[in-house]
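Chains here go by letter, A, B and C, matching the order in which they are written, and residues are numbered from 1 within each.
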Amino acid sequence: MDKIELKNLLFLARINADEKEHPEIIKKLQNTFNLIDEMQDLDLSDLEPLNNPLELNNVSRKDENNNRNKKKEFLDNSPESDDDYFTVPKIIE
Amino acid sequence: MAQNDTLIKGWQPVIGLEVHVQLMTNTKLFSPAKNKFGEDANTLVDLIDMGLPGVLPVLNEGAMRQGIKFGLATSAKIAKTMIFDRKNYFYPDLPKGYQITQLHFPIVKDGVVDVNGKEVRIHQAHLEEDAGKSMHDKYDDRSVIDLNRSGVPLLEIVSEPDLRSASEAVDYLKKIHQIITYLDISDGNMSQGSMRCDANISIMRPDADEFGTRAEIKNINSFKFVEKAINFEIKRQIKILENGNKVEQETRLYDAVKDETRSMRTKEFANDYRYFPCPDLVPTNISDELIEDVRKNMDELPEEKESRFRSQYNLDEYEAKVLCAEKITAKFYEEVCEVTDPILSAKWIIGEINALLNKHDVSLAESKINSKNFAGLIMKIKDGTISGKIAKEVLEEMWQTGSDSQEIIKSKGLEQISDESELESIAQSILDNNPSQVEAFKSGKDKLFGFFVGQVMKETQGKANPGAVNAILKRLLSN
Amino acid sequence: MNFKDQREKFRSKAISAKEAVKEAMQKIKNDNLNIFINDFETQALKQADFIDNNFEKFKNTPLSGVPIAHKDIFCTNGLKTTCGSKMLENFVPPYDSTVIKNCNEAGSIMVAKTNMDEFAMGSSNETSYFGAVSNPWNSDLVPGGSSGGAAACVAADITSISTGTDTGGSIRQPAALCGVTGLKPTYGLVSRWGMIAFCSSMDQAGPFSRDAFGCAALLDAMASYDEKDSTCSKRVEKNFESLLTKNFGSLKIGVIKNIDSLGINTDVMQSYETSKSVLTGLGHKLKEVDFSELSSGICSYYVIAPAECSSNLSRFDGVKYGYRASNQKDISNLYMETRSEGFGDEVKKRILIGTHVLSAGFYDAYYLQAQKVRRMIKNKFESIFKDVDLIFMPTTLDQAFEKNRKDSDPNRMYKEDLLTIPANLAGLPAISFPNGFKNSLPVGGQFIGNYFSEDLLLATTHKIQEVTDWHKMTP
């Protein structure tokens, strides 16, 4: 993992880190990947990936309304809002 | 060959459309909040649509049914097992920081629709959730977020790159629109955003082995703009290639005001959506029973309706097609047919009603004509109460006021005069007042018969029953 | 006081719920181990009144009148839920998690919410934004994590039961390090609705208590089919408390071949050997089973858990709730600053790992391979459970260790989860219980059972606890 890759990663994850800290972060991540990479030697080509341990069939619900809207509470709980909307710094398209 | 007609300056446009359709359901794809347009901001937001910590999605069976319906309508493969994935990206109107969608195992695959006799293949149609809305005009320095749309179920219909011209793309889009509105999959309202379209466009030399590099044009929101945007983009790409440059693979926006497409600001780094199976939703099996249940409850498709109309009501191909173009027209027609003559009704809808709709640029649903008052009018024509000419007048009035034909006829005194003795005395007085014309007629000037009919009509302000007038005049003149 | 006695005092009207709550609140106020993030005296007293006023209704519920502390990962309607993070320092959920609702209905009274590693990521409770928890046995040591506060709360005798969550060992490891009993149920037994997600396909809530009895009663309250959680499984309901005394007969218990090669501390191994003789003494048969794949679990876990967490934690963006950085030039800056300031280093590290293993070009080699390792582990368990009823092994490599441990191996902390992770990957139930005492500190051993065999795990542990006293020791 190099600096360019880390920059891209930080951007994708929307996390800031001072350039000075980059080598230390890379080192930490590299250490973890050293642990993870032990699995690369396993030949598992004949196995299906397992996403969820129980392998259930998904459930669905009836198309029925259940009103749990709490507009005022939602807006009051937000870092910034007016009476109707959540607000954020202007998004420039 | 059709392909050659579509060449522009020797270049073959290749177009594929991605159509996003908001599904008609009571509730959202993964939350029990109402799925509705035009409500006050942030009033249709469930805990789940807020993406609150700890909430979990539960699939709406209604949305699944709509997807299956579309699959059945396009002779597609319906998945035995569909899988929801997460598409990760940050945007203020995307509360969870990811969209739940279907990447590799969509609900529908390999469909086909007929566009002017050509088969256009549908690569896949998948279920996904809509984002909220961010708006930028309320404040100078702030954008505002409304999450009412967050979680609304969408079906994204992805065509193969089978389309070869802007007008063909529009026809395909209209076909999709017809299917989804026919089957109540969506209201298809493009101005409200319940049907949105992205177009993938490239150009190539007709003998080339590979497609050219494509550009994607996002969020085109009317049939007209689809045509314009594609045509603009084709011209742009031709210009680039003919200047020896390369088309960039990129996402572009169509600006309807300037009638041009322009590149969306390229980000510092390429977007990487990091799709992976959503661990909150395990694979969903779609049972044959469910598919059968959807099929059983499914409305007729346009083609099916057309052929039924032809045999049931004795219509010709053209009449059936026009009447079935929109579901609402077909429904209107059938309601009228329940009480009166199918052939006469068909002629009047195709001719007079459509003319009025076009003239005033409104839809049948918005107009004041309904199947009940219209059927009444047809019955009056059929039983000879009014003539065709008077009927047009009545229809105009009906258009304006929505009144019943009986009332209009009464209040305007438009009832046809069929009374034999009354008509005979009028006819006799016409003949009496025009002795020279009678003389001329009797000496062989047959054409004057029309003159006498016209005079009777004039006298009765057009209310005389034309059949009766003809018979009476013939009898009187042969004396 | 153990759970059974606490509940009996209420049922026999020796003590009211209100008095029980007051006692617990006093202990919470005197806590100097940093076990709690928030306490809720006013609400607790009100709830206690309600229970006392409805004595008839609550006298036979599983948790009649018993004070409880919940891990601060469960959303509580109108009451702060922080998940150990600055990001949610002031977050007040507008709804109750199913676990909270179930425990309330079962007659328990929440007195406080316990400290934890930030977003449940950690094995020592040191990643909490609210500071590390001290081990009740020795305040220089860690209690384990991520449910460190929950384990310490029961070990320090503040409440007789507490809830936790276990993604890679977060119930069992602190249970072992604090000398209490903790159960991670089968994935899908307890609803995840309202439990702040770390790794959705492994997270599972479970009970802490001094003994199997308390765990059984609390699990009776916690477990329910919940249509709000699509991964919750429909199944025949069991009453774990009454099944505690069921005679499952002589069991075949699997012990791992060559377990001494995994780097387990000799004191832990000694306790393990002693427990094996307890098991044979109870009439069970031990059978060596090969599980050479076990150590690959850790590779798989440290791909899948970060991958899911990187996505699960994307919602914390400073827009709708939680922390927002004050200095914001534009929306991009708002995200960056909010997430950089709101998350701690360990959380950020795992987000970066998870982002990397899901990104284009790395997905197959990491995420997909990890899911295949997961399949391999599950398959292995399935074949082992054809031969044995339960697997027995130590819970941890070590006993409680010192805070700020420096180790020459940078992955030492992650390796602490070596023995607990396999059950999470496969979604199997496992229980940790005190099975020794060395260096003035408890040691833990664990059973792993087949799917939905919580009754067997609890009953077997209960039998052991009838003939041993490790679970009765207090700091």
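Just so we're on the same page, a residue touches a chain if its C-beta (ideal position, glycine included) is under 8 Å from a C-beta of that chain, and two chains touch if they have at least 3 such contacts.
None of these values were measured; they are calculated from a predicted model.
Of the two chain pairs considered here, A-B and B-C, the higher C-beta contact count falls to A-B.
When each chain is reduced to the average of its Cα atoms, B sits farthest from chain A.
Here the CA centre of chain A is 23 Å from the CA centre of chain C. Rounded to whole angstrom units, the spacing between the C-alpha centres of chain A and chain B is 40. Chain B and chain C have Cα centroids lying 56 Å from one another.
Shared interface positions of chain B, i.e. residues touching 2 or more other chains, are given as 47, 50, 58-59, 90, 92, 143, 145, 272, 274, 279, 281-282.
With touch defined as above, residues shared between interfaces to two or more other chains in chain A number as follows: 12, 14, 51-52, 54, 56, 58-59, 61, 68, 74, 86, 88-91.
Chain C has residues 91, 94-95, 201, 227, 230-231, 310, 317, 319-321, 331, 335, 355, 359 in contact with two or more other chains. Chain C contributes residues 91-92, 94-95, 186-188, 201-202, 227, 230-231, 233, 296, 298-300, 302-303, 310, 317-324, 328-337, 339-340, 343, 348-349, 351-353, 355-356, 359, 365-366, 368-376, 378-379, 410-411, 414-415, 425-428, 451 to its touches with chain A in the complex.
If you check the complex, the residues on chain C that touch chain B are 74-75, 81, 83, 88, 91, 93-95, 97, 192-197, 199-201, 227-231, 307-308, 310-311, 313-317, 319-321, 331, 335, 355, 358-360, 363, 367. Chain contact summary for the complex, chain B toward chain A: residues 25-27, 32-34, 40-47, 50, 58-64, 90, 92, 134-136, 138-147, 264-265, 268-269, 272, 274, 277, 279, 281-285. Residue ranges of chain A in contact with chain C, taken from their complex: 1, 6, 9-10, 12-17, 25, 28-29, 31-40, 42, 44, 47-54, 56, 58-59, 61, 68, 70, 73-74, 77-80, 86, 88-92.
Of all residues in chain A, those touching chain B in their complex are 7-8, 11-12, 14, 51-52, 54-69, 71, 74-75, 82, 84-91, 93.
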